[in-house]
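Listed next: structures, encoded as structure tokens.
Each of the two complexes below includes chain A, the first together with chain B, the second together with chain C.
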Partner chain A sequence: MEIHKTSWPMRVLVLVLFLYLLAPVILVFPISFSGDQVLQFPPSFWSTRWYTALFQNTVMLKAFWTSLTLAVVVTILSIVIAVPAAWTMTRTSFFGKEFLFNLFTAPLLLPTIVLGLAILIVFASFGLLATMQGLVLAHLVVTLPYALRVLAVSLGTQDRACEEAARTLGAKPLTVFFRVTLPMLTPGIVAASALCFLVSFDEVVITLFLTGPRISTLPVELYNYVFNQADPLVAAASVLLILLTLGVIMIVERAMGLGKAFVK
Partner chain B sequence: MTVSTAKEDHLRLENIGVSFGSVNVIPSLDLSVRKGEMVAFLGPSGCGKTTTLRMIAGLITPSHGRIHVGGRDITALPIHDRDMGMVFQSYALFPHMDVSRNVQFGLKMRNLAAGEIAARTKAALDMVQLGHLAGRKPKELSGGQQQRVALARALVIQPSILLLDEPLSNLDAKLRDEMRVQIRALQQASGITAVFVTHDQVEALSMCDRIVVMRNGRVEQFGTPTEIYEKPATAFVANFVGRTNRLKGTVDAQGNLSAAGQQLTSSAKLEPGKVEVLVRPHRIAMQPAGAGKAAEGGNLVQGEIASVTFIGDLVQYGVRVGGDEIMIEEATRRCAPPFAAGDTVSLAWSAGDTLIYPDKDQ
Partner chain C sequence: MNAAAETAPRTWRSGELAIVLLLPIALINAIGFILPVLNLARYSFNQSTAGGGIADVFTWENWTGLLRDPFYLELIFNSVWISLAITLTTLVVSYPIALYLHRSTGSWKTFLTVLVISPLLTSAVVRTYGWIALLTDNGPVLSFLRYVGLPAPSLMFNIKGVFIGLTEILMPYMILALMAGFGRLDPRVEEAARTLGATPSRTFWKIILPLTLPGIALGCLLCFVLAVSSFITPKLMGGGRVFLLATEIYDQAIVTLNWPLASTLSILVLIVFGAALWAYSVVLRRLD
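Up next is the complex of A and B:
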């Protein structure tokens, strides 16, 4: 029984669009198993030498751990800051609330290159360049708006009657928050965390301004690497990054279903 | 239905009122609910019934006035210290907790011993016949089951007052009838004082000891279901509770009542001026023209049937009298309606069934 029978021109169109979007990503997989010295398709012979090379490249490994630590710290801080902020935005009313909310989410609208330059100028005077603290602060500027938006929507659509029911049953405001509001917010928190993690792990433009020989992130190192040589090592790194991203998305999917976490 | 008048007031609202911004939702309300009785707040949406309930629960802070429960002033008491059991329209079950943890919540907040919590939770779930579903999550339950969990959760804390906010409006008709009986039975068995907010007159009339009919934040009438139905204090109450015919009439200087081009009688006190004449459809006896006779001092008018509507247990006739149409309801028998459109008929009703109210609209 087929209810929706898609006409074949439509199928072809969708297929072409998908190929257009995914071809570069798919292409990375065969290239990463190339035995060649340079990036080319198709490879003249297959090998896993670039994976071996990647895992022996101390610069890349160090950058990976920096990126991972950075992304985890930034994600945790984003959630810790954004949950109370989103709660205040959705559960209280005060003068200038709308303005504040728009101000907090404004970085989403600014060109990141402008943001990066501004952060560079400010951080230079505080000695925050090429430091972990500096990177965390800079990434928070980008991830907080995402976290705030996702959590505010999540909190805004929660049934307020549940909190009221808890209060009538004798729960004090703080107890209501930790035993009702926060558990009910779990899907939103998972979604916001995944988003913050991926945004931070992926951030290049702003990070470029703030990294140096002392500290660097994986995307920036990959960028630098491609600048100097054109071997399939970056393809191997890309494959691993794609798998990591898929892993994060699958965790979210497992936890509650993508639709529920992001769309809601 | 009898209401014991000896019992003392349990809940007392004193000159209570609230405004939201410039909107004066409830100007001033005085109300007393006796211990162990179930009182309905009945009215159309926006009449302030839910607002009043939420003020009792503490979810809305009144702009002025006092609330007393059991002789104690609770106006300034925070919600969590008020000891109210509230059932919400959406049930508001905690989605992340199973049925038994939902019911336990209020007991845990009271820091009771684990044994007592377990025993009271079990008793409450058995009371609503849901003991076998204690491990289910709310979303795995039907609407009626969720409703019963909400009821158990509110009753298990043995609250001083049970507050019910349109608890039946999300159920289908058949389940609603069942729950009506169940809620009333539970309330009477536990002897708890209950306030029931509804816009459904059947719920109010059938479940509650007394009814507060509200409109625009004011009390139109406060009385037993019989009083509300038989002696509506205002035209609004008569219209809102039960079906009624509403005719424009006049009373002349000699105290003669006329409406729909007919001379009518009423046992109500008649003041000269424009009036509204209300007669319940099923209080009118209809007979073939000429055959009907008025009771002593009653009304008898002639008319022509304009419409016949069969609705199962009732037949509704629209009868043209003068320039107006009067609706009549008769119980159906096992045959086709005895009258058809175009028949001329006589209508008879007693003077006591002619309700008269001053006409405020003109």
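Up next is the complex of A and C:
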């Protein structure tokens, strides 16, 4: 830290810019304890009425359970589908492998507004709109590329010596995979799961196209709520969402280091 | 990869094994990505009929209509121009943070990196709501401006608020892209320049900036692409009064139910993406 003496004006500038970057996330904390009927800062008095209101809001509660179920199902399916795919991509060679890898991660390059519309049109004819199956499938389209990429990096950088040793000692390929490769992949699986969970739980643009009065997710309901009125209820929900995110981030940090998981 | 033959179970030929293991991901990719995108391209040449119906005939009508309608021409122009302006602003406010992070070390650097990444993992709705709370008429920003006697223009439901909010929302992407490109910046080169008598500003313009241009190009590409296609922030902070490409796609698809027009606008967004990518590759070639 001391090799480079950063000048004071530069430090102040960086501090101000950090404040700008974090301001909206920080501000929702005091606002969630506002006692006012409308959004204003500073609040005229403090209370926990908006947390009470949130837990009495049946629409939000139902949407939360839908989101949670959806995110858990999507995360499990993502891992189950992406682990064999990532293994194939890193442990076998065949013609067109690079092309397939790019194709499987390509949905990330498409803006969600375009992907959402494209999926809406096709799912409408399949009768998948406003169904849990439709939401799971749509979310898998965006979570699988993340899972595949993280797992492929993990498998690609894994030390092969243990696999070789197991094989030389006579272990069958499936035994090698379940007894050696998979346990060594645990940090990668944790990181990929956390990422898939967050992506699915926070996904809003594609989901907006696919939800309706019958089924809706928490981000979509929050979006609808903010679109119609902006009162501190959403701040209370935001605080809980931020805490959930922090919890998941800490799991990833423990498992493999945040930088490695996301910068790659 | 010679290990492949040894690794694959002997009872399977490795080609068959690959097909089986890749089948699930390939199916989801086909149903949820390839088919929808191809279908989208086809829809942009279909005719929309009264009452939200679609006639399956080939027509250039959507495209020619789009390019003749002054509303859409202005919409496209505005979207591109505003996205460019937001990208440049994001670059200016992100650069000092990225440079500072690049120079920090140890746990301090880890802590700051987590601070930069965490907004990225927070829902776009939450962050936009945070900006609404900040910029609303009784919010802290306008209250402060009024308190110190400065003019306090309304920042909600117009492009100013969208600009401020979107810039902040794109900052983490820009910072990460810049840091990825800062690898070429060796502190010893800077030190050499300083030792040889260059002023800090001269060192910046002659050494630091040129060396970090690839990172700048990458960050700008990323942020421009994200700005053009951003939807949540313009929709919520614009209050239906800010018209950009992404919000128009949604309105045409969900409100007006004109899917062919929405598809045409989507393909247009992809064309803008292609143009941005082309510009990026030209810049990169120049830099080499």
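Note that the second predicted complex is superposed on the first by the 245 of 264 C-alpha atoms of A that agree within 3 Å, B and C clash if a C-alpha of one lies under 4 Å from a C-alpha of the other, contacts with A are read in each partner's own complex, and residues count from 1 in each chain.
As a working rule, contacts are C-beta pairs under 8 Å (C-beta built on N, C-alpha and C of every residue); 3 or more make two chains touch, one makes a residue touch a chain.
Predicted model only: the values in this text are computed from it and were never measured.
Chemist: Give one word, clash or fit, describing how chain B and chain C relate on chain A after superposing.
Modeler: Aligned on chain A, chain B and chain C fit with no clash.
Chemist: In the superposed model, does chain B or chain C contact more residues of chain A?
Modeler: More residues of chain A are touched by C.
Chemist: Counting only touches as set out at the top, which of chain B and chain C does A:L137 meet: first, second, both, neither?
Modeler: After superposition on chain A, A:L137 lies in contact with chain C alone.
Chemist: Would you check which partner chain A:V14 touches, where first means chain B only, second means chain C only, and both and neither mean what they say?
Modeler: After superposition on chain A, A:V14 lies in contact with chain C alone.
Chemist: In the superposed arrangement, which partner chain does A:T186 touch: chain B (first), chain C (second), both, or neither?
Modeler: Once the two structures are laid over each other on A, A:T186 reaches chain B alone.
Chemist: Is A:R254 touching the first partner chain B, the second partner chain C, both, or neither of them?
Modeler: Touch partners of A:R254: none, neither chain B nor chain C.
Chemist: Figure out whether A:I119 sits in contact with chain B (first) or chain C (second), or with both, or with neither.
Modeler: So A:I119 only meets chain C here.
Chemist: Mind working out whether A:L246 is in touch with chain B, chain C, both or neither, as first, second, both or neither?
Modeler: Second partner only, chain C.
Chemist: Would you check which partner chain A:V226 touches, where first means chain B only, second means chain C only, and both and neither mean what they say?
Modeler: So A:V226 only meets chain C here.
Chemist: May I ask you to decide whether A:A165 touches chain B, chain C, both, or neither, giving the answer as first, second, both or neither?
Modeler: In the superposition, A:A165 contacts chain B only.
Chemist: Please give the least Cα distance, whole angstrom, that chain B and chain C reach in the superposed model.
Modeler: The answer for the closest chain B-chain C C-alpha pair is 6 Å.
Chemist: What part of chain A is shared between its chain B contacts and its chain C contacts?
Modeler: In the superposed arrangement, which is not itself an observed complex, chain A uses residues 167, 172 for both chain B and chain C.
Chemist: Taking the touch rule as given, give the residues of chain B at its contact with chain A in the complex, in rising order.
Modeler: 57-59, 79-86, 88-90, 92-96, 105-106, 109-110, 153-154, 157, 163
Chemist: Given the complex with chain B, which residues does chain A contribute to the contact?
Modeler: 159, 161-162, 164-172, 175, 179-180, 183-184, 186
Chemist: What residues on chain A touch chain C, complex-wise?
Modeler: Against chain C, the touching part of chain A is residues 1, 3-4, 6-7, 10-11, 13-14, 17-18, 20-25, 27-28, 31, 38-42, 81-82, 84-85, 87-88, 91-94, 100, 103-104, 106-107, 110-115, 117-122, 137-138, 140-141, 144, 148, 160, 163, 167, 172-174, 198, 202, 204-205, 208-209, 219, 222-223, 226-227, 230, 234-235, 237-238, 241-242, 245-246, 248-249, 253, 258-259, 262-263.
Chemist: Mind listing the chain C positions that touch chain A in their complex?
Modeler: Touch residues, chain C against chain A: 1, 3-4, 6-10, 14-15, 17-18, 21-22, 24-26, 28-29, 31-37, 39-40, 43, 93-94, 96-97, 100, 103-106, 108, 110, 112-134, 136, 138-140, 143, 165, 168, 171-172, 176, 179-180, 187, 200, 225-226, 228-229, 231-232, 235-236, 246, 249-250, 253-254, 259, 262-263, 266, 269-270, 273.
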